[in-house]
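Shown below is the structure under consideration.
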């Protein structure tokens, strides 16, 4: 049953040190404001799950929140590498970071299985690919009808899912529009969930065909954080801030400039700072 | 005769490889440029699919990310990411997958994972993303990539995505029924697998490029088909379409006054 | 690549004697007109697949088109039994009818696996249920991570899928709205497909949130048959003809009255007869 | 005191079993009547789900089929049938599943498949539909069914859907973690499983019904709880809501001039 609270209350109630957390968003609707709140609360030892960890996970890793990352593509889209992620993997700064690496197909199937309440997913994958040799979580199974050998992967059932959506209504039902990614699966598969939204509305009138609606009884905490996906985008609200992604490449390259940025914009900031990004581009 | 850059030659050549009825699984960067150029020239009804879930999208500018809003707004429909990988890619609906690589070997095997040892990497790359299954589930694979010794290596450090393995029959032995890499388009030439050895073989050289230049930029012993042709130059129409597309893209992605004052 | 043809051409091109055919529709959008065309063409030995075989399958069975039915619930919804189906199973009239029976969960998963190009589906089902003892197609598999034993079912990959939708556009893309059932999965899983539609339109403007769109290159034949789902309904076009479902109970109870009905309304009829039902109720 | 029929008593009693926060997987007929009555009386925010894919639907009239347009038009959202069975039912999102039966035994095991032998049936029934997995995936199961010797049998001919198996511990032994049938509501009484034996035990008898009447209509030896109560009568409000609902439904499903002239 969804409860409408403030962002700090929601993150505090939902997320504990050592949890597995999925902050999802496939380029679109990435929950940046909520990620910053996790940094402010100083959570430690998190297992960060996401198909495409980008800036917000780079920030969480550099800020020392993460013990492990489960992922399938880790980069700054259209720009290059994630310097904090790379520094953690290559140099162990600010601490050692374990990685569990999959393909997109594997993770998409693993989220699907999590939402479906299954312990694992079967897919046709990894043929001739070396990841299956270095990731012990990748196993295989034989089709009982055809004898075909297929890949399998454990379901993703995170302790907490944190996602951003366009709208909630007064009941706490959630509306996602546009590129919907794996957010539905991440929320349905998780034990607890926090959803930040652009706005709370009376009704979902005028919804287009690319929509996902989650009923309020599938969500634990709902928080209105206008602009909360910035520098990612919210379809129908504001565009992707491509310049920010390029700027991040500079800021994050160096440990000191990264830490100065986190201090100024995250530790001394708050969810209200995102509101100024919530303007149509 | 028109003036063009090697990069333009590469994109135009890659765009020509696409047939008008193809259903293409498109990655960001060079593949996206080539596929959209094809759509703007000889293949207006080409179907473009991006792994973010956008089916049959017709962006007016090139996306910067795989999930730009433009892709969704111009798509016939958008599906969830699990559906994209399950029903559309694994379901065998894609005729051509476009891939790039950090490292590529002569059999079209691709590394986008690490340079050096996996557990102790010299350079940690972004990883495979959709590529391991794109490489095996699409009808065939086109690779588009700038030619260099750093990228075209004798032995890749990690096999992220299967090409032709160690040679003929390897895909079939792994239970893979699709064709794999059938065409490699670079800024210097076009290579295709030799039907006997499955090694990439130069079948067409771009105008003005020498064999020596190709060899200097390839980390394996370059082989040539018996009948190497000269790649046709870009036409005025192709170049105009490409330059317009890039100019439109440049303008669209320059959002003044944003991003500098970072959150 | 979809080809726009007439109904008799489409059915003739797509469907052969002995084929496995899925004419899907979960109460909504059941392809009645196309089913009648199959009867007129005198197809024999078909394996009819459908979660909820109702009147149109009763007609195909009574008309002698079917050798086997794969199903999970066979009845006249809200009314009672399917008399022709029952007569075939219990008395072997007009010929023996093999049945392969599943649960809804199994068939829904089997369609999903078919669309996903997998040979089988895994689900948590049939626990303590006797169907698993009488249907040899139901097997089990052990999760390689948890050791949990789960049910499995072969994927449904029919030779032909026949479905009805609201709209096609000029390219042959297909739009379904409302209760979308398993039609997308049936079409994507099948080797060939025939789609009848209420109308061909220039654009799909104004599509609501419960929509499924199939690109033209996933469909083989598209035919405009207004009213083609009657007595089932087409959301936004016409309502379910509940009186017809009740009437069918009477007509189908007796072999002679059934045959007279088939002669009059199917053998001597055609797809154009459905048009008069294509009026908003 | 108000006048009511045994059927009304059954529906009202069933409706009261539903709690205001429940998420109910609803079948056509008596379950649908009871759940919608609950929504119109004490549980306005009750979530109703029909297996056709309609989530949180609020029909103004009772649907004749599981996929009536009304269910979709009044739903919060509608999902595909595979998603309904995978994410919502198997995903453990449903608190109460409502089932009916052709045959029922004292442990709440249900037959809706065949009377007689499976391979050579005396009567072929419609089959299980969603019931086999509803019976095991929902938090608990409410059964609503008219009481008769034909339906309440000592041994069912076929176990379509698991109740408590042959008694205590059977569900757990089959790896089922949900409660199973917790309440059986008939036109004569309410039964609940005895915590020791898991056999249905009469816990409440409808006003004016005798123990003999219950026994005459039950094919097994009827057991009674130590503290059998009298079921509270329907209130005026409940009866009015039920009768209004049924009258509205009747009017809506009578479409004059259609159906007779059959296609």
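Going in written order, the chains are labelled A, B, C and D, and every chain counts its residues from 1.
In this section, a contact is a pair of C-beta atoms (placed from the backbone, for glycine too) under 8 Å apart; a residue touches a chain by one contact, two chains touch by 3 or more.
Predicted model only: the values in this text are computed from it and were never measured.
Novice: A-D versus A-B: which interface comes out with more C-beta contact pairs?
Specialist: Between the two chain pairs, A-B has more contacting C-beta pairs.
Novice: With chain centres taken as the means of their Cα atoms, state the distance from chain B to chain C in Å.
Specialist: Computed value for the inter-centroid distance: 40 Å.
Novice: Please work out the Cα centroid separation of chain A and chain B, and write it as a whole number of Å.
Specialist: Inter-chain centre distance comes to 27 Å.
Novice: Two or more other chains touching the same residue: where does that happen in chain D?
Specialist: Residues 77, 86, 90 of chain D touch two or more partner chains.
Novice: Could you say which residues in chain C touch two or more other chains, in rising order?
Specialist: In chain C, residues 112, 116-118, 123-124, 148, 184-185, 209, 211, 213 touch at least two other chains, as defined above.
Novice: Should the pattern of chain-chain touching be classed as line, ring, star, complete or other?
Specialist: The chain contacts form none of line, ring, star or complete graph.
Novice: Which pairs of chains touch one another in this structure?
Specialist: A-B, A-C, A-D, B-C, C-D
Novice: For a test of understanding, state which residues of chain A touch chain B in their complex under the given definition.
Specialist: The touching residues are 26-28, 32, 51-52, 71-75, 77-78, 81-82, 85-86, 89-90, 101, 103-105, 108-109, 111-112, 123-131, 134, 148-149, 178-182, 184-185, 209-210, 212, 230-231, 233, 235, 239-248, 251, 261, 265, 269, 273-274, 277, 281.
Novice: Under the definition above, what is the set of chain C residues touching chain B in their complex?
Specialist: 1, 112, 115-118, 171, 173, 184-185, 188, 211, 213, 215, 217-218
Novice: Where on chain B does chain C make contact in their complex?
Specialist: Its residues touching chain C are 21, 23, 45, 47, 55-56, 76-77, 86-87, 90-93.
Novice: Would you mind writing out the residues of chain D in touch with chain C in their complex?
Specialist: Counting only chain D, the residues touching chain C are 28-29, 51-54, 64-69, 71-72, 77-78, 80-82, 84-86, 89-90, 109, 113, 118-119, 121-133, 135-137, 158-162, 165, 170-171, 174-176, 253, 255, 258-260, 262-263.
Novice: Mind listing the chain A positions that touch chain C in their complex?
Specialist: So the residues of chain A in touch with chain C come to 116-120, 122-124, 139-141, 143-146, 148, 150, 152, 154, 207-209, 211, 213.
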